[in-house]
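In the two complexes below, chain A is the common chain; its partner is chain B in one and chain C in the other.
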Partner chain A sequence: MQIFLQLVVSGISVGMIYGVIAFGYQLTFATSKTLNFGQGEALMTGALVGLTTINFLIGNHFGVSVAFILMIPVVLLFGACQGSVVEWLGVRQAIKTKSEAGWIMATIALGIIFKNLAENIWGRDALKFPSPLPEASLDIGGIRIQPMEVAIVIGALLMMLAVEVFNRTSIYGKAVVATSNDRDAAQLMGINTGRVITFSYALSSMTAALAGVLVAPVTLTGASMGAVLGLKAFAVAIIGGLSSGLGVVVGGLILGIVETLTGFYVSTGYKDVPGLVLLLIVLSVKPSGLFGKSAIKKV
Partner chain B sequence: MKTSVTTLLAAGLLATTALITGSFAADTIKIGVSGPFTGGSSSMGVSMRDGVKLAIEEINKAGGVNGMKLVAVERDDEAKNELGVQIAQELINKEHVVATVGFINTGVSLASERFYEEAEIPVMNNVSTGSVITKQFNPPDFEANYIFRNAANDTIQSSMIAEEAVKRLGFKKPAILADSTNYGQLGKTDLTNALAKMGVTPVAAEKFNIGDTDMTAQLLKAKEAGADCILTYAIGPELAQIANGMAKLGWKVPMVGSWTLSMSSFIDTAGVNGNGAIMPETFIQLPNTPKRKAFIEAYQKATGLDRMPSPVSAAQGYDSIYLLAAAIKQAGSTEGPKIRAALENLGEKVEGVVTVYDHPFSAADHEAISSNIPVFGIVKDGRVVPAHPEDLDGDKVIRVKPKA
Partner chain C sequence: MLKIDQLVASYGKVRVLHGITLQVKKGALVALIGSNGAGKTTTLRAISGMLRPQSGSVQLGDAEIAGKPAYEIARRGLAHSPEGRRVFPTLPVRDNLELGAYPRLTGARTKGDVAADIERMYELFPRLRERRGQLAGTLSGGEQQMLAMARALMLSPEVLLLDEPSMGLSPKLVEEVFATIARLKAAGITMLLVEQFAAAALEVADFAYVLENGKIALSGEAAKMRDDPAVRAAYLGGGH
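On to the complex of A and B.
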């Protein structure tokens, strides 16, 4: 039983990482029906910018924890800028011309460009990210977890909660919700939907960048860190449903837990298989995802 | 009339190029250097290149080889097979290298060497470890094999790891953790076979992907199977995740694995959790002979680094040039077949950093490093030191390949 719980706990912390990235997919999909295939790269650039910032701060005699907190606004700002650039270069034109696939190619291309840029600036080695919390793990009734893993789960939940509160209470958030529900109607009501979409891209990359600095102390930082995570998160977004914020979190947790359990009880060689099988089942039984609202496409 | 002019022009052009290359070849010997100087295995590639440069500098200072200076033509293969192939073709057909040294990654090595074999240009593999590398073009299937190596191959390493864990350290229940690449999976097979020879079956054999960050499932399986040590075949970052994962689970058993446990990406990212990891090494940064002392000091002076990023790669890179230089000198020529013949019957004893090479190669054996040469290193506070200092006592400090 203890082993099972340990596996579940590890699965939750891995799944939460997937969920946060998938949450970023959901943000832009809700408003514009497009998504940033370079989401993994947004996470990676965020983490690397965070690494440079935190090392600079530590170099200037700040403690690691203080430096980590001071770094977060810089990373959020960077993420917002990066997301806006992606929307401006890759998505805006495609939406304007109602192109079906233009944004797919453009966001993939931008992702590759960001990766190459990162390789040239930070090199291709995996780098260690200073951990703001002690690295010794906590022992809770025989189940061991690193403090940073707890921080990932709490940080991710807080972030999603903040976005949710913003959407429900502020006037700008309501514009986002309105655009998600019906873009044309929202536009007729005087909402600048173009700006809402830019904003959702900025927000999406912001969440990715924050996820980057949250996971970096547990994983390693490097130009290639985004590729696998971005892909897994995409599977999560499909399992959970692209139109539901709750769905992607649950989807992430399901995938994370299933992966670690399969690794232990079946074989580590087949760790990635059940997630993909689940993806295929969801696609054939409920294509809009477990929590997704099924949409009827009007032609 | 028109055709004859073109032919004449073409002939003239050919003659000029022949003259240019001819006159160029007269006073320099071009040596190709292919390795990853950027990317995940760059610490090995860059150290190897620095070792190569150091050797070339020394040889040129002492008057070169047969009155000619050595020139390195360096190319970054980024650990990519297809890029390695392009570079091989460029070095052979455009740069007209006399020989090539390098190759860190077994895949790049295997993909590139066909071209050298066809062009009859010798290759000295100085880092990559895949067992099959020197055996691809063995006679009688091929006229002659142009691929040589001065690194400890995986057959040697895996049997050393198994022997160290079972016989010397007395572990009875090893678990194997290997990555899903060719390197990891071939290494896993070699390890399992080596263990079987001693009548030991691994209690668990687990796999993970490059980039995996959570090793909980793999480690718990090993732990539940009652493993008393972990044998690894993987590269730096994932090895660090294993060490860190063990610390997270509060379970610590020794790690014994291939020489990649000495990669700086493992040592630096695992930190204290990496202490105690044991791996076979042909060279440890330790000035225990005058030659090694001079080499380490020259390396530190040239690069400004106190700790070599990969001492094994640097030392093997350095030695590979001395082996080639000796062969070119003996051949009295820069023609590939003659250099190969000289390598296979090297008269001069070559004093390298790793060992003293006394007839290191023969027509049937293209491996300069034998299983008695590497010793075990252990990670201690960010550095690799000898695991059993008595292995390097007295006359064992220089371990020489036994005569065939």
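On to the complex of A and C.
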């Protein structure tokens, strides 16, 4: 029982990361009925930019914790720019021409380009990311928890909460919701819906980049860290609901926990299998209507 | 205030509007009537930018707006309450009203007192006050229609386009809607009203155009049209 609980607790933090990436898929799908298949690469580039930034700050005599906090705005800004570029290069034209496949190919291609760029800049090896919190585990009733795992959960929840509060209370957030509800009607209100879609891409990559620097101190970082995360989170997003809601958090947590259980009771070598099997099931159960029929038409 | 000249619009290759010319003077209520499929909705969509016209001119005040994106036309003060209401279903009534004032709240248009205007909408449509916290998607058809009109008014528009505000409503509610339109007219709001209830529309309007197969077939003062036996026979049949 003790071991089981330990595995569940360990699964929660990685599950939160899946949840956050899936949340990012939701953000762009809501406004544009398109999504960024390079979402995992957004997480990866965010983490690597964060790594360079934090090492620079540490090199300039900042403490690790202070450096980590100072790094976050840089990473958020980078994520926002990266997401805007993806929307601009890969999605905008496809939406204009109502192309159903255009954005899929384009965002995959951009993801590969980002990965290649990262390999050239940071190399192919996994890199150690300085941890802002003590790496020694806390012992809570016999269950060991890394402080950084707690930070992941809190950081992820705060980020989603911030987006929700923005959408519900500010006029710009309401314009985002209005665009998700009915793009034409939103335009009649004077809302530049094209700009809202760019914004949702920026926000989506921003959340991925933040997830990247939250998870990096626990795992390792490197050019290849994003691809599998992005795929699994896609399965989570399809199951949890692409349009909105907390289903993605629940789905992410379940997947994270199943994975750590598989890793322990079966073999760590099979840790990635449940998520990818889930993806295969999703693809075969909902072959045509992945994005919902009406959704594709509206693009 | 609104001047349309030789407006041509198509859906794909199918031409629907074959050169519409019409005018709405400041403070006037102009009705655009015609049978189903005549092109009334398309005319309004081409004016507000929901549909990009192929050629022709649309002047709002002194500015040419044909071909501009819908959001920019709205920011210049043209409000369009579209066919089918199109309220934002997952947002509460109050937020729908606020979004009507989006250009005012974001600096694209003179701000004025938005809160006071929302209050004025609640006075004009008391049902909306009762429902202000409720999601717009849960309102009845009549309430959604009121919300769509109120939301459009929140722009403090120079011109208001109304597309079949009576559609799908019970006779009692239709009467209420027309009473509201008469009140808006008395308040000096410039309006272009599309209606299938031609008789009722001619009752409140100053001037009217009859649209037939994408062309203006007839135009004149509403009062004269109402009494014209030829018009009555052709367009006001069916006892409306």
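As a working rule, the second predicted complex is superposed on the first by the 260 of 299 C-alpha atoms of A that agree within 3 Å, B and C clash if a C-alpha of one lies under 4 Å from a C-alpha of the other, contacts with A are read in each partner's own complex, and residues count from 1 in each chain.
One rule holds for everything that comes next: a residue touches a chain if its C-beta (ideal position, glycine included) is under 8 Å from a C-beta of that chain, and two chains touch if they have at least 3 such contacts.
These numbers were taken from a predicted model, which means no experiment stands behind them.
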Check your understanding: Looking at the overlay, what does A:Ile112 touch: chain B (first), chain C (second), both, or neither?
Key -> neither
Study note, to complete from the structure: In this superposition, the partner of chain A with more touched residues, chain B or chain C, is B
Check your understanding: Given the touch rule stated above, what does A:Met225 touch, chain B (first), chain C (second), both, or neither?
Key -> first
Review point. Of the two partner chains, chain B (first) and chain C (second), which one does A:Val177 touch, if any: first, second, both, or neither?
Key: second
Practice item. Check the residue A:Leu7 against both partner chains and state whether it touches chain B (first), chain C (second), both, or neither. Key: first
Check your understanding: Which partner does A:Ala162 reach: the first (chain B), the second (chain C), both, or neither?
Key -> neither
Exercise for review: Based on the superposed arrangement, let me know which partner A:Ile121 touches: chain B (first), chain C (second), both, or neither?
Suggested key: neither
Practice item. Could you say whether A:Leu276 touches chain B, chain C, both of them, or neither, answering first, second, both or neither? Key: neither
Review point. What part of chain A is shared between its chain B contacts and its chain C contacts?
Key: none
Revision key, fill the gap. Residue positions on chain A within touch of chain B in the complex are 3, 6-7, 10, 13-14, 119, 123-126, 128, 135-137, 139, 144-146, 215, 218-220, 222, 224-225, 227-228, 259-264, 267-269, 271-272
Review point. In the complex of these two chains, what residues of chain A are touching chain C?
Key: 171-172, 174-175, 177-178, 180-182, 184-193
Practice item. Flag every residue of chain B that touches chain A in the complex, lowest number first. Key: 38-40, 42-43, 180, 206-209, 211, 213-214, 216-218, 220-221, 224, 236-237, 240-241, 244, 247-250, 265, 268-269, 271
**Study point:** Residues of chain C that touch chain A when the two form their complex
**Key:** 48-50, 69-72, 74-75, 79-80, 82, 86-91, 95, 98-100, 102-103, 105-106, 108-109, 151, 155
